[in-house]
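A, B, C and D are the chain letters, set down in written order, and residue numbers restart from 1 in every chain.
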Amino acid sequence: MIDLVLEPIDTEQALQRVASQRAGAAVLFLGTTREFTGDRRTLFLDYECYPEMARRKLEELEAAARNRWSIIECLIIHRLGRVELGEASVAIAVSSAHRQVAFEAAQWLIDTIKQVVPIWKQEHWSDGTREWVHPPAGPPRNSTH
Amino acid sequence: MIDLVLEPIDTEQALQRVASQRAGAAVLFLGTTREFTGDRRTLFLDYECYPEMARRKLEELEAAARNRWSIIECLIIHRLGRVELGEASVAIAVSSAHRQVAFEAAQWLIDTIKQVVPIWKQEHWSDGTREWVHPPAGPPRNSTH
Amino acid sequence: MKLAVQLFAGARKIAGCDALWIDLPDGSDVAGLRSALGSAHPELAALLPAARFAVNLEFADEQLRLPADAEIALIPPVSGG
Amino acid sequence: MKLAVQLFAGARKIAGCDALWIDLPDGSDVAGLRSALGSAHPELAALLPAARFAVNLEFADEQLRLPADAEIALIPPVSGG
(Lines give C-alpha, C1' and ligand atoms only; values in the text may rest on other atoms or scores of the structure.)
Protein backbone atom coordinates (compact mmCIF):
# COMPACT_ATOMS: atom_id res chain seq x y z
CA MET A 1 0.00 0.00 0.00
CA ILE A 2 1.30 3.42 -1.02
CA ASP A 3 0.23 6.85 0.22
CA LEU A 4 1.49 10.31 -0.70
CA VAL A 5 -0.06 12.65 1.84
CA LEU A 6 -0.14 16.31 2.80
CA GLU A 7 -1.24 15.78 6.41
CA PRO A 8 0.76 14.40 9.37
CA ILE A 9 1.12 10.63 9.30
CA ASP A 10 -1.21 8.69 11.60
CA THR A 11 1.13 6.02 12.95
CA GLU A 12 -1.57 4.21 14.90
CA GLN A 13 -3.62 3.83 11.73
CA ALA A 14 -0.52 2.78 9.76
CA LEU A 15 0.09 -0.07 12.20
CA GLN A 16 -3.56 -1.11 12.05
CA ARG A 17 -3.37 -1.26 8.27
CA VAL A 18 -0.56 -3.83 8.41
CA ALA A 19 -1.97 -5.77 11.37
CA SER A 20 -2.87 -9.40 10.77
CA GLN A 21 -3.57 -12.43 12.91
CA ARG A 22 -1.03 -14.23 10.77
CA ALA A 23 1.64 -11.71 11.81
CA GLY A 24 4.09 -12.37 14.61
CA ALA A 25 5.89 -9.08 14.07
CA ALA A 26 5.39 -5.57 12.80
CA VAL A 27 8.15 -3.04 12.21
CA LEU A 28 7.42 0.65 11.78
CA PHE A 29 10.13 2.97 10.55
CA LEU A 30 9.70 6.74 10.83
CA GLY A 31 12.04 9.22 9.19
CA THR A 32 11.80 12.45 11.16
CA THR A 33 13.08 15.98 10.74
CA ARG A 34 16.14 16.81 12.78
CA GLU A 35 16.51 20.33 14.06
CA PHE A 36 20.29 20.59 13.60
CA THR A 37 22.52 19.60 10.71
CA GLY A 38 25.93 20.35 12.17
CA ASP A 39 25.57 23.97 13.31
CA ARG A 40 22.71 24.86 11.01
CA ARG A 41 19.21 24.91 12.37
CA THR A 42 16.25 23.76 10.28
CA LEU A 43 12.91 25.53 10.70
CA PHE A 44 10.90 23.10 8.59
CA LEU A 45 11.12 21.03 5.41
CA ASP A 46 9.18 21.18 2.19
CA TYR A 47 8.79 18.04 0.07
CA GLU A 48 8.06 17.94 -3.64
CA CYS A 49 7.73 14.97 -5.96
CA TYR A 50 7.21 13.88 -9.54
CA PRO A 51 3.81 12.43 -8.65
CA GLU A 52 3.15 9.77 -11.31
CA MET A 53 6.70 8.46 -11.20
CA ALA A 54 7.02 8.61 -7.41
CA ARG A 55 3.87 6.54 -7.04
CA ARG A 56 5.02 4.06 -9.67
CA LYS A 57 8.47 3.68 -8.09
CA LEU A 58 6.98 3.16 -4.64
CA GLU A 59 4.65 0.50 -6.03
CA GLU A 60 7.61 -1.19 -7.73
CA LEU A 61 9.52 -1.19 -4.45
CA GLU A 62 6.60 -2.69 -2.55
CA ALA A 63 6.27 -5.39 -5.22
CA ALA A 64 10.03 -6.07 -5.11
CA ALA A 65 9.95 -6.37 -1.31
CA ARG A 66 6.98 -8.74 -1.45
CA ASN A 67 8.82 -10.79 -4.04
CA ARG A 68 11.98 -11.00 -1.97
CA TRP A 69 10.51 -11.53 1.51
CA SER A 70 7.47 -13.28 3.01
CA ILE A 71 5.70 -10.08 3.89
CA ILE A 72 2.10 -10.13 5.10
CA GLU A 73 1.33 -6.43 4.71
CA CYS A 74 3.41 -3.47 3.64
CA LEU A 75 2.56 0.22 3.79
CA ILE A 76 4.69 3.16 2.64
CA ILE A 77 3.52 6.69 3.40
CA HIS A 78 5.45 9.77 2.29
CA ARG A 79 4.61 13.33 3.22
CA LEU A 80 4.55 16.11 0.64
CA GLY A 81 4.55 19.84 1.25
CA ARG A 82 5.57 21.39 4.52
CA VAL A 83 6.79 19.07 7.29
CA GLU A 84 7.48 20.50 10.73
CA LEU A 85 10.38 19.64 13.00
CA GLY A 86 9.95 16.30 14.70
CA GLU A 87 7.21 15.19 12.32
CA ALA A 88 7.70 12.10 10.21
CA SER A 89 8.34 12.68 6.50
CA VAL A 90 8.13 8.97 5.76
CA ALA A 91 6.61 5.94 7.46
CA ILE A 92 7.19 2.33 6.47
CA ALA A 93 5.19 -0.40 8.17
CA VAL A 94 5.79 -4.08 7.47
CA SER A 95 4.19 -7.12 9.08
CA SER A 96 5.40 -10.68 8.77
CA ALA A 97 5.17 -14.04 10.49
CA HIS A 98 8.77 -13.80 11.71
CA ARG A 99 10.53 -10.66 12.81
CA GLN A 100 13.71 -10.89 10.75
CA VAL A 101 11.69 -10.42 7.57
CA ALA A 102 9.94 -7.28 8.78
CA PHE A 103 13.22 -5.71 9.91
CA GLU A 104 15.04 -6.53 6.68
CA ALA A 105 12.23 -5.44 4.39
CA ALA A 106 11.61 -2.14 6.20
CA GLN A 107 15.30 -1.32 6.13
CA TRP A 108 15.68 -2.23 2.47
CA LEU A 109 12.62 -0.14 1.59
CA ILE A 110 13.87 3.03 3.27
CA ASP A 111 17.40 2.56 1.87
CA THR A 112 16.02 2.11 -1.64
CA ILE A 113 13.40 4.87 -1.43
CA LYS A 114 16.23 7.27 -0.67
CA GLN A 115 17.95 6.25 -3.90
CA VAL A 116 15.29 5.84 -6.55
CA VAL A 117 12.02 7.60 -5.72
CA PRO A 118 11.70 11.07 -7.30
CA ILE A 119 10.95 13.02 -4.13
CA TRP A 120 13.00 16.01 -3.02
CA LYS A 121 13.19 18.03 0.14
CA GLN A 122 13.89 21.68 0.58
CA GLU A 123 15.55 22.78 3.80
CA HIS A 124 14.24 25.99 5.28
CA TRP A 125 17.08 27.22 7.47
CA SER A 126 16.76 29.46 10.50
CA ASP A 127 18.75 32.19 8.70
CA GLY A 128 15.88 32.56 6.26
CA THR A 129 17.55 30.76 3.35
CA ARG A 130 16.15 27.71 1.66
CA GLU A 131 17.91 24.98 -0.25
CA TRP A 132 16.87 21.98 -2.32
CA VAL A 133 18.78 18.93 -1.17
CA HIS A 134 20.50 16.97 -3.95
CA PRO A 135 22.84 14.47 -2.33
CA PRO A 136 25.96 13.30 -4.17
CA ALA A 137 25.26 10.36 -6.50
CA GLY A 138 25.39 6.83 -5.09
CA PRO A 139 24.49 5.84 -1.56
CA PRO A 140 24.33 9.18 0.28
CA ARG A 141 27.36 9.84 2.45
CA ASN A 142 25.53 12.20 4.79
CA SER A 143 22.12 10.66 5.12
CA THR A 144 19.71 12.67 7.22
CA HIS A 145 17.93 9.72 8.77
CA MET B 1 12.70 3.32 29.69
CA ILE B 2 11.11 0.05 30.80
CA ASP B 3 7.45 -0.78 31.32
CA LEU B 4 5.78 -4.01 32.38
CA VAL B 5 2.07 -3.49 31.77
CA LEU B 6 -1.23 -5.30 32.05
CA GLU B 7 -3.11 -3.14 29.53
CA PRO B 8 -2.79 -3.04 25.72
CA ILE B 9 0.27 -1.12 24.53
CA ASP B 10 -0.35 2.42 23.31
CA THR B 11 1.93 2.58 20.27
CA GLU B 12 1.26 6.24 19.58
CA GLN B 13 2.36 7.14 23.07
CA ALA B 14 5.38 4.83 22.80
CA LEU B 15 6.55 6.70 19.71
CA GLN B 16 5.99 10.05 21.41
CA ARG B 17 8.10 8.94 24.33
CA VAL B 18 11.11 8.33 22.07
CA ALA B 19 10.52 11.36 19.83
CA SER B 20 13.23 14.00 19.78
CA GLN B 21 14.18 16.88 17.54
CA ARG B 22 17.66 15.39 17.49
CA ALA B 23 16.25 12.18 15.98
CA GLY B 24 16.29 11.47 12.27
CA ALA B 25 14.77 8.04 12.71
CA ALA B 26 12.53 6.03 14.97
CA VAL B 27 11.99 2.28 14.75
CA LEU B 28 9.11 0.58 16.50
CA PHE B 29 9.03 -3.20 16.77
CA LEU B 30 5.84 -4.99 17.82
CA GLY B 31 5.71 -8.67 18.65
CA THR B 32 2.15 -9.83 18.08
CA THR B 33 0.18 -12.98 18.76
CA ARG B 34 -0.30 -15.25 15.77
CA GLU B 35 -3.51 -17.22 15.53
CA PHE B 36 -1.98 -20.38 14.06
CA THR B 37 1.15 -22.32 14.98
CA GLY B 38 1.20 -24.95 12.27
CA ASP B 39 -2.28 -26.48 12.54
CA ARG B 40 -2.94 -25.44 16.13
CA ARG B 41 -5.07 -22.41 16.84
CA THR B 42 -4.29 -20.07 19.71
CA LEU B 43 -7.18 -18.44 21.57
CA PHE B 44 -5.02 -16.07 23.62
CA LEU B 45 -1.73 -15.92 25.53
CA ASP B 46 -0.99 -15.42 29.18
CA TYR B 47 2.34 -13.87 30.22
CA GLU B 48 4.04 -14.31 33.59
CA CYS B 49 7.36 -12.96 34.80
CA TYR B 50 9.82 -12.93 37.67
CA PRO B 51 9.13 -9.25 38.27
CA GLU B 52 12.25 -7.94 40.03
CA MET B 53 14.60 -9.86 37.75
CA ALA B 54 12.68 -9.14 34.55
CA ARG B 55 12.83 -5.42 35.26
CA ARG B 56 16.52 -5.60 36.13
CA LYS B 57 17.35 -7.57 32.98
CA LEU B 58 15.40 -5.15 30.79
CA GLU B 59 17.24 -2.21 32.36
CA GLU B 60 20.55 -3.97 31.75
CA LEU B 61 19.63 -4.51 28.11
CA GLU B 62 18.66 -0.89 27.65
CA ALA B 63 21.96 0.19 29.23
CA ALA B 64 23.89 -2.24 27.02
CA ALA B 65 22.15 -0.95 23.89
CA ARG B 66 22.87 2.66 24.86
CA ASN B 67 26.47 1.73 25.44
CA ARG B 68 26.82 0.00 22.09
CA TRP B 69 24.86 2.42 19.87
CA SER B 70 24.24 6.18 19.71
CA ILE B 71 20.65 5.92 20.80
CA ILE B 72 18.66 9.04 21.64
CA GLU B 73 15.72 7.37 23.38
CA CYS B 74 14.83 3.75 24.01
CA LEU B 75 11.61 2.29 25.35
CA ILE B 76 10.79 -1.36 26.03
CA ILE B 77 7.23 -2.31 27.00
CA HIS B 78 6.22 -5.89 27.78
CA ARG B 79 2.69 -7.06 28.46
CA LEU B 80 1.87 -9.35 31.36
CA GLY B 81 -1.30 -11.34 31.92
CA ARG B 82 -3.75 -12.12 29.17
CA VAL B 83 -2.90 -10.94 25.64
CA GLU B 84 -5.49 -11.35 22.91
CA LEU B 85 -4.85 -12.43 19.32
CA GLY B 86 -3.33 -9.68 17.23
CA GLU B 87 -2.35 -7.59 20.24
CA ALA B 88 1.28 -6.75 20.86
CA SER B 89 2.98 -8.62 23.70
CA VAL B 90 6.10 -6.50 23.37
CA ALA B 91 6.96 -3.10 21.90
CA ILE B 92 10.45 -1.71 21.41
CA ALA B 93 10.88 1.87 20.28
CA VAL B 94 14.28 3.36 19.52
CA SER B 95 15.14 6.79 18.17
CA SER B 96 18.51 7.87 16.81
CA ALA B 97 20.10 10.47 14.60
CA HIS B 98 20.71 7.91 11.82
CA ARG B 99 18.44 5.06 10.92
CA GLN B 100 20.92 2.18 10.91
CA VAL B 101 21.41 2.56 14.66
CA ALA B 102 17.69 2.42 15.44
CA PHE B 103 17.20 -0.69 13.28
CA GLU B 104 20.20 -2.51 14.75
CA ALA B 105 19.43 -1.64 18.36
CA ALA B 106 15.74 -2.58 18.12
CA GLN B 107 16.61 -5.89 16.52
CA TRP B 108 19.31 -6.67 19.06
CA LEU B 109 16.97 -5.80 21.92
CA ILE B 110 14.19 -8.13 20.81
CA ASP B 111 16.65 -10.94 20.01
CA THR B 112 18.24 -10.61 23.44
CA ILE B 113 14.99 -10.15 25.38
CA LYS B 114 13.89 -13.50 24.00
CA GLN B 115 16.99 -15.13 25.46
CA VAL B 116 17.61 -13.59 28.86
CA VAL B 117 14.56 -11.89 30.35
CA PRO B 118 12.58 -14.10 32.77
CA ILE B 119 9.19 -13.78 31.12
CA TRP B 120 7.14 -16.77 30.01
CA LYS B 121 4.06 -17.21 27.92
CA GLN B 122 1.34 -19.75 28.23
CA GLU B 123 -0.49 -20.76 25.06
CA HIS B 124 -4.23 -21.23 25.41
CA TRP B 125 -5.17 -23.51 22.53
CA SER B 126 -8.54 -23.73 20.87
CA ASP B 127 -8.94 -27.35 22.08
CA GLY B 128 -9.11 -26.04 25.65
CA THR B 129 -5.59 -27.08 26.63
CA ARG B 130 -2.93 -24.69 27.86
CA GLU B 131 0.83 -24.99 27.76
CA TRP B 132 3.77 -23.02 29.14
CA VAL B 133 6.27 -22.38 26.37
CA HIS B 134 9.86 -23.33 27.20
CA PRO B 135 11.86 -23.22 24.00
CA PRO B 136 14.92 -25.42 23.57
CA ALA B 137 18.07 -23.82 25.00
CA GLY B 138 20.12 -21.51 22.80
CA PRO B 139 18.72 -19.28 20.08
CA PRO B 140 15.14 -20.56 19.60
CA ARG B 141 14.74 -22.68 16.51
CA ASN B 142 11.04 -21.95 16.20
CA SER B 143 10.69 -18.35 17.19
CA THR B 144 7.14 -17.10 17.34
CA HIS B 145 7.89 -13.60 16.11
CA MET C 1 11.80 16.96 -32.83
CA LYS C 2 10.79 19.26 -30.01
CA LEU C 3 10.58 17.71 -26.55
CA ALA C 4 9.36 19.04 -23.23
CA VAL C 5 11.57 18.25 -20.23
CA GLN C 6 9.86 18.49 -16.85
CA LEU C 7 11.91 20.04 -14.07
CA PHE C 8 11.77 19.53 -10.31
CA ALA C 9 13.30 20.84 -7.10
CA GLY C 10 16.70 22.50 -7.60
CA ALA C 11 16.47 22.27 -11.40
CA ARG C 12 13.10 24.00 -11.39
CA LYS C 13 14.42 26.70 -9.13
CA ILE C 14 17.51 27.31 -11.29
CA ALA C 15 15.55 27.38 -14.55
CA GLY C 16 12.72 29.37 -13.04
CA CYS C 17 10.08 27.20 -14.71
CA ASP C 18 8.41 23.78 -14.52
CA ALA C 19 9.48 22.59 -17.97
CA LEU C 20 11.82 23.44 -20.83
CA TRP C 21 11.41 22.82 -24.53
CA ILE C 22 14.43 21.45 -26.30
CA ASP C 23 15.06 20.89 -30.05
CA LEU C 24 16.75 17.63 -30.94
CA PRO C 25 17.44 15.71 -34.18
CA ASP C 26 14.94 12.86 -34.65
CA GLY C 27 16.26 9.64 -33.14
CA SER C 28 18.37 11.37 -30.51
CA ASP C 29 19.23 9.45 -27.38
CA VAL C 30 19.34 10.49 -23.72
CA ALA C 31 23.03 11.39 -23.96
CA GLY C 32 22.15 13.76 -26.80
CA LEU C 33 19.40 15.31 -24.73
CA ARG C 34 21.76 15.76 -21.78
CA SER C 35 24.31 17.49 -23.94
CA ALA C 36 21.77 19.69 -25.75
CA LEU C 37 20.13 20.72 -22.49
CA GLY C 38 23.50 21.76 -21.04
CA SER C 39 24.30 23.83 -24.14
CA ALA C 40 20.91 25.53 -24.32
CA HIS C 41 20.74 26.14 -20.56
CA PRO C 42 24.23 26.58 -19.14
CA GLU C 43 22.71 27.49 -15.77
CA LEU C 44 21.79 23.77 -15.44
CA ALA C 45 25.31 22.55 -16.26
CA ALA C 46 26.40 22.11 -12.64
CA LEU C 47 23.38 19.98 -11.88
CA LEU C 48 23.33 17.82 -15.02
CA PRO C 49 26.21 15.38 -14.44
CA ALA C 50 24.62 13.91 -11.29
CA ALA C 51 21.05 14.03 -12.65
CA ARG C 52 19.19 11.19 -14.30
CA PHE C 53 16.50 11.41 -16.96
CA ALA C 54 13.16 9.69 -16.70
CA VAL C 55 11.45 8.66 -19.94
CA ASN C 56 7.84 7.58 -19.58
CA LEU C 57 8.23 7.34 -15.80
CA GLU C 58 11.30 5.07 -15.90
CA PHE C 59 14.96 5.96 -15.40
CA ALA C 60 16.56 5.89 -18.86
CA ASP C 61 20.00 4.71 -19.98
CA GLU C 62 22.10 7.18 -21.90
CA GLN C 63 21.65 5.04 -25.03
CA LEU C 64 17.86 5.07 -24.97
CA ARG C 65 16.40 6.62 -28.14
CA LEU C 66 13.77 9.17 -27.31
CA PRO C 67 10.32 8.60 -28.82
CA ALA C 68 8.84 11.86 -30.16
CA ASP C 69 5.91 11.62 -27.75
CA ALA C 70 7.92 10.62 -24.70
CA GLU C 71 7.21 12.12 -21.30
CA ILE C 72 10.62 13.29 -20.19
CA ALA C 73 11.75 14.56 -16.81
CA LEU C 74 15.07 15.68 -15.43
CA ILE C 75 15.63 13.93 -12.09
CA PRO C 76 18.28 15.60 -9.92
CA PRO C 77 19.59 13.42 -7.07
CA VAL C 78 16.60 12.58 -4.92
CA SER C 79 16.28 13.40 -1.23
CA GLY C 80 13.03 11.79 -0.13
CA GLY C 81 12.70 9.57 2.88
CA MET D 1 21.18 -24.75 55.15
CA LYS D 2 17.59 -24.54 54.03
CA LEU D 3 16.92 -22.52 50.88
CA ALA D 4 13.73 -21.42 49.16
CA VAL D 5 13.67 -21.80 45.38
CA GLN D 6 11.08 -19.70 43.56
CA LEU D 7 9.29 -21.38 40.69
CA PHE D 8 7.70 -19.93 37.56
CA ALA D 9 5.67 -20.98 34.52
CA GLY D 10 5.99 -24.67 33.68
CA ALA D 11 8.02 -25.42 36.82
CA ARG D 12 5.36 -23.83 39.02
CA LYS D 13 2.67 -25.81 37.25
CA ILE D 14 4.52 -29.12 37.61
CA ALA D 15 5.37 -28.58 41.27
CA GLY D 16 1.96 -27.15 42.06
CA CYS D 17 3.43 -24.34 44.16
CA ASP D 18 5.29 -21.02 43.90
CA ALA D 19 8.38 -22.11 45.83
CA LEU D 20 10.12 -25.19 47.19
CA TRP D 21 12.32 -25.57 50.26
CA ILE D 22 15.48 -27.58 49.78
CA ASP D 23 18.04 -28.77 52.35
CA LEU D 24 21.68 -28.40 51.29
CA PRO D 25 25.03 -28.71 53.03
CA ASP D 26 26.51 -25.30 53.89
CA GLY D 27 28.72 -24.02 51.07
CA SER D 28 26.84 -25.88 48.34
CA ASP D 29 27.06 -24.55 44.82
CA VAL D 30 24.44 -24.22 42.09
CA ALA D 31 25.33 -27.63 40.65
CA GLY D 32 24.64 -29.13 44.09
CA LEU D 33 21.30 -27.35 44.23
CA ARG D 34 20.36 -28.59 40.75
CA SER D 35 21.16 -32.15 41.70
CA ALA D 36 19.41 -32.00 45.09
CA LEU D 37 16.32 -30.44 43.56
CA GLY D 38 16.11 -33.21 40.95
CA SER D 39 16.41 -35.89 43.64
CA ALA D 40 13.87 -34.34 45.98
CA HIS D 41 11.43 -33.50 43.19
CA PRO D 42 11.74 -36.04 40.38
CA GLU D 43 8.73 -34.45 38.66
CA LEU D 44 11.04 -31.51 37.83
CA ALA D 45 13.79 -33.72 36.36
CA ALA D 46 12.71 -33.28 32.74
CA LEU D 47 12.76 -29.50 33.05
CA LEU D 48 16.00 -29.10 35.03
CA PRO D 49 18.69 -29.71 32.39
CA ALA D 50 17.55 -26.75 30.24
CA ALA D 51 16.75 -24.49 33.19
CA ARG D 52 19.03 -21.86 34.71
CA PHE D 53 19.17 -20.69 38.30
CA ALA D 54 19.04 -17.05 39.30
CA VAL D 55 20.81 -16.06 42.51
CA ASN D 56 20.01 -12.57 43.77
CA LEU D 57 18.42 -11.67 40.41
CA GLU D 58 21.42 -12.74 38.29
CA PHE D 59 21.93 -15.91 36.28
CA ALA D 60 24.37 -18.05 38.25
CA ASP D 61 27.21 -20.30 37.09
CA GLU D 62 27.12 -23.90 38.27
CA GLN D 63 30.18 -23.19 40.44
CA LEU D 64 28.63 -20.28 42.34
CA ARG D 65 28.49 -20.96 46.09
CA LEU D 66 25.09 -20.19 47.49
CA PRO D 67 24.95 -17.66 50.33
CA ALA D 68 22.56 -18.80 53.06
CA ASP D 69 20.34 -15.74 52.54
CA ALA D 70 20.35 -15.83 48.73
CA GLU D 71 17.16 -15.19 46.75
CA ILE D 72 17.06 -18.19 44.44
CA ALA D 73 14.81 -18.86 41.48
CA LEU D 74 14.56 -21.66 38.95
CA ILE D 75 14.40 -20.12 35.48
CA PRO D 76 13.07 -22.51 32.84
CA PRO D 77 13.79 -21.45 29.23
CA VAL D 78 12.16 -18.06 28.75
CA SER D 79 9.52 -17.26 26.16
CA GLY D 80 8.90 -13.54 26.47
CA GLY D 81 8.93 -11.15 23.57
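As a working rule, contacts are C-beta pairs under 8 Å (C-beta built on N, C-alpha and C of every residue); 3 or more make two chains touch, one makes a residue touch a chain.
As the structure is a prediction and not an experimental result, all values here were calculated from the model.
Visitor: If you take the chains that touch chain A and keep only those that also touch chain D, what is left?
Guide: Looking at chain D and chain A together, the chains touching each of them are B.
Visitor: I'd like the Å distance between the centres of chain C and chain D, where a centre is the mean of that chain's Cα atoms.
Guide: Roughly 73 Å, centre to centre.
Visitor: Centre to centre, by mean C-alpha position, how many angstrom separate chain A and chain B?
Guide: Here chain A and chain B have centroids separated by 24 Å.
Visitor: Calculate how many whole Å lie between the centre of chain B and the centre of chain C, each centre taken as the average of the chain's C-alpha atoms.
Guide: 49
Visitor: Mind pulling the residue numbers of chain A that touch at least two other chains?
Guide: Expected reply: 31, 110, 144-145.
Visitor: For each chain, which other chains does it touch, given as pairs?
Guide: Contact pairs between chains: A-B, A-C, B-D.
Visitor: Quick check: in the complex, which residue numbers of chain A touch chain C?
Guide: Within the complex, chain A contacts chain C at residues 31, 47-50, 52-54, 56, 78, 89-90, 110, 113-122, 132-137, 144-145.
Visitor: Over in the complex, which chain C residues touch chain A? Could you list them?
Guide: Touch list, chain C to chain A: 6, 8-10, 13, 47, 50, 54, 57, 59, 73, 75-81.
Visitor: What does chain B use to touch chain A in their complex?
Guide: 11-12, 15, 19-36, 85-86, 88, 95, 97-99, 102-103, 106-107, 110, 143-145
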